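Please read through the structure below; I'll follow up with questions.
Labels run A, B, C and D following the written order; every chain starts at residue 1.
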């Protein structure tokens, strides 16, 4: 039942766009992305795609509004916070955004990183030459999910239903095995440690979108 | 034909290289003080004639294994090469093995106290490696050749030769541990001193609780329940017949009152 | 036919709750005990059966508390009866085989509310309950903190309790459900009432006791100064 | 408000087209041609461990680019197919979540312990620009002497500091092995110490505080083990029952700091009883007669009164040692002859003297001179202008005042006072390369000093204490991520080179050499970075000079070099070309040319009644391994080890806590270990703990740092102590211990 609900969602362009939006949100903030925050494109997109999915974006909109008015200052605030939450921090790194930090024995490049690499390669992707971070980084995983969804949609559009289903199954398996097992813990840590509301809200969005709380409700919805 | 490991404590330098590689190789849970093998140092005597002996503590893979007797799920099983394998997928965390082992080796990784969600942890002789012709990770790791993996018979003679060499060097108490204990261990130890100096029981026993359970409780249970069932069925059958007769006679059992 | 009240609502409720808890505990326990059931208790199956066993155990531990809370007098009365032994019990033991197998009750001495066999069973139940709960708590919360010997002995005692409990349970089950002589006895536990005849024949001494009390009450009622004694109406 | 209004309004203006902002394309990925071919990505790479100087060559097993396991390279004469506990654990350092990942700068101007620096990720360009401009500013305003560099000596780091023109290249040598280094220089090589000892063929191994079997110097441990199996005798003098002592035939719990007395008496016994190797002494040594005359006062009875070792034991062991051939006095770094006591350099003199007297120097079964291939270095490849004269000094650590020690060795013990006194120059900018404050004596004092430096850049792998004080963080490659070749140095019985293949760099870390070259360029010192100057080119030239190629070395199992027969040295690097039992270099520079008794600096008193011993567990690498979650699991914190009687006297319980306090002004709180294996007048603390950098999530707050107990020195104090090696004198400390 869950998978039926899933497939409906996965083909929804909104859902895919939301994944893209989150993937960008969990990557290091640069000026061009921040401009989409400040000029409202990014929040607008999220509102447009998430509200029909039943996810409230009020919090993140408020968080974006709460950013400093000056572009430089806003970028600086976001970058300091990102560095603090996800790269290196004093007193200590609150939320390394890697699956391996939460699943397995606790050091990075563990089994989850290997599993992610395997999934990428099987889907016909390699990490880009200039990509410097680890394979099980949340941002990369989300981009992968979105890309798979887009591939599936393309295949469906081209009338290749079996291929579309295969890709959707890949996508679902990746979400189930590589993202869901650790995302709630990660989000909790972000929510606890974040000093600006933007990343707190972003984590909340990610969790409500990717780990819908009551699986039961999902099943009921799917069963109707 | 069975496989074993020989641990030469006289060559062990207590560096714990085996400890860390075992943990990595087997993906053992980190941070809960759970180890499939680790080094313990035992001190005997007094300054300045004190001695310190390292001992690699891990499952000894007994031939008469108490853990195997008490495991209700079959998570513990005897490998054809003689050692005792733990399949964590089958384990339901009952913890009986942790209580039965005369060496106190298996550890329980408790994930939830209330539901009792837990998994037993102990050395499985690197079963995937050894089943594919490899040696155990600790043996492959040891920088000082203190751990040898091989045929048990070969290791017995190797161990005895090493003991003889130690004795010749004046270590008169040197001995080989594990040849006969618990029906023969699949981890043999060259010790420089008495087993007690290493806190090893010289004659480890199957715990009384396990023996009682095996020899008495289970057969007794089967007998008593069986007898009760048989008795009741017999009573039922005979009484049914007899009582019917009584009713036909129109007397009933009440008449005698 | 005249019916006599034998069990209070609390007693019957506790009894049936006991049955439910016992069946859950026995089933989930037997999974561990019988090698053929291994498949049910591997991994997650083990967690489920353990969870059920612990649920059963909590219910089981609630039983005496419920009993004492809602029917302390009934409980005291029953406890006193099941631990009272006399020469009639010896007689019962001698007469029981012929009685239960052939329906021959000629040598059967008159019995109390609970006959000797029942008393044996209930003694095992009460003592077993103490044993189950004590050792069960040790195994639940004491693993790792009590010595392995204590733990293993707990397992042993727990098992012995199960054997005794289980054996008597089988007897109890079959006698009440299927033995022709006991026909109708289950009504006592279902509805609380038994026919006067049944009591007269199976629990003659108890019937006598009830009758004697009744006479006493009647005498008192007949007396010029009607004094409210202990109410026996419900008996 | 205006801003937020406009953001809200924009919502209405955007349609489905907004999705275009984020949909489509790949940022972190690139498509591959053949998914199936890449499905199974297993591989291996050759590397060289960097967790200790031994540098074992390893093979890493890779899966999908991830290091799965490490094993020793069987072709490496040092590794012999195995690694040590630290080496195997290396994979957890490179994959530590706390690792420094990207260049960062601080945004919080307030510096302090536990103060959030407000790090912000920056580009390498910005990071290098920041360092360069700050160094340049310091150089332009206060002169190059106002720049401090703390890091290991290498051709590249020396070039870096000299190109800048600063004399202040401070290295860790005087915390580590400077005593042996100057003694070998003066008596044997003219340069420094060698790192090879042929224990395997020795028949009698005598150790003073040497714990080579207990601290993961695996090759030596194996070699000694083999020697023991072959019937060699091992005798260990150590106040503490070390692992080596526990494996020894004899453990002699000597009073700390008095090894020198026993050694002098042994030298006297061997000489007076004519037990020395007459051939070797006659042919290859100089100054025997002076030695003989000078040791006459050191009778065994005298030595016994100082060391508490029975006189007959001293005589017996001296005789056994001289009569059993080959015999060797074992030594490496922090043994009794290491920079641990004021008299340690003299102890080291005795080591060389004894090895010479029994004729084992550079002979099978004895200490060997290096067997290293000659490789081209920077000046062979690139012509650079002469370095400015300012590089000659004066230095912040005052090292130019110690003529034998030589400027390149550096002094950790005098650095803090040098900075604080602003003499000879104030320090305005500093670059720290992989040296943490915890590896200094009296770190709190150093932190005080560092706070006075306006700009600090740190290149490191982990966010250690010093990183918290940094203005710019330069995340460094781990030893897996940089390629090259490594010369077998520790225990090279023949010249051998190991190949280091590079694992793709994680995050945005860089090797230190390209970074310092970029800094030089950015500072405008282009003349010192000629076209094509690149560490890779040097490696290429070095491999070429060996007459091989990287591919060939790889094909050969990751190593280059063939085992050759050892040719014993007949000529040595001293002015007399002999082993100088009477060291003319020391004489010329005003030090005792012959080993003579001098007491250690510290004495126990009623206030500080215990001798401090410092040691290291096999699994600890200075302060770099304590963030490993597995090592921390079986050894979460360090201990103060006390004798059972001492514990009883002080009311200490095993696994309770105690304060250890020294005249340094610091005290540490550590867990108590009670044993029979230590002298009752000593307490021992093992090294590697006491991290106060909270960014080390595993190590933070666990145990205490022994170095806190060791006082640092002023240059004047060091001059007075008279050690030509400017030893840190780690253990020359008396402490008090009390229940915590």
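Throughout what follows, contacts are C-beta pairs under 8 Å (C-beta built on N, C-alpha and C of every residue); 3 or more make two chains touch, one makes a residue touch a chain.
Quick caveat: nothing in here was measured; it's all calculated off a predicted structure.
Undergrad: Would you mind telling me which chain pair, A-D or A-B, is linked by more contacting C-beta pairs?
TA: Higher C-beta contact count between the two pairs: A-D.
Undergrad: Measuring centre to centre, with centres taken as mean CA positions, what chain is farthest from chain D?
TA: In terms of C-alpha centroids, the chain at the greatest distance from chain D is C.
Undergrad: Quick one: chain A and chain D, Cα centre-to-centre, how many Å?
TA: Once rounded, the distance between the two centres reads 44 Å.
Undergrad: With chain centres taken as the means of their Cα atoms, state the distance from chain A to chain C in Å.
TA: Whole-Å distance between the two chain centres: 61.
Undergrad: Roughly how many whole angstrom separate the Cα centroids of chain C and chain D?
TA: The separation of the two C-alpha centroids amounts to 77 Å.
Undergrad: Determine the centre-to-centre distance between chain A and chain B, using the mean Cα coordinates as centres, and give it in whole Å.
TA: Computed value for the inter-centroid distance: 47 Å.
Undergrad: Multi-chain contacts in chain B: which residues touch at least two other chains?
TA: Only 23-24, 30-31 qualify.
Undergrad: Multi-chain contacts in chain A: which residues touch at least two other chains?
TA: In chain A, residues 105-106 touch at least two other chains, as defined above.
Undergrad: Which pairs of chains touch each other in this structure?
TA: A-B, A-D, B-C, B-D
Undergrad: Quick check: in the complex, which residue numbers of chain C touch chain B?
TA: The touching residues are 31-33, 38, 41-47, 49-51, 54, 100-106, 140, 143-144, 148-149, 151-153, 155-156, 159-160, 162-164, 166-168, 170-171, 174-175, 178-181, 197, 200-201, 204.
Undergrad: Which residues of chain B touch chain D once you look at their complex with the stated criterion?
TA: These residues of chain B touch chain D: 10-11, 13-17, 19-21, 23-25, 30-31, 33, 35, 38, 43, 45-48, 50-53, 140-145, 165, 169.
Undergrad: Which residues of chain B touch chain A once you look at their complex with the stated criterion?
TA: Counting only chain B, the residues touching chain A are 23-24, 27-31.
Undergrad: Considering the complex alone, what residue numbers of chain A touch chain D?
TA: 13, 16-17, 20-21, 24, 27-28, 36, 38-45, 47-49, 61, 64-65, 69, 76, 79-80, 82-84, 87-93, 96, 98, 100-101, 105-110, 113-114, 117-118, 120-129, 131-135, 137, 139-140, 143-144, 146-147, 150
Undergrad: Please output the residues of chain D touching chain A within their complex, sorted ascending.
TA: 3-4, 6-11, 13-14, 16, 18-19, 21-24, 26-32, 35, 38-39, 41, 63-67, 91-92, 95-102, 104, 107, 114-121, 463, 468, 473, 505-508, 629-630, 693-695, 697, 700
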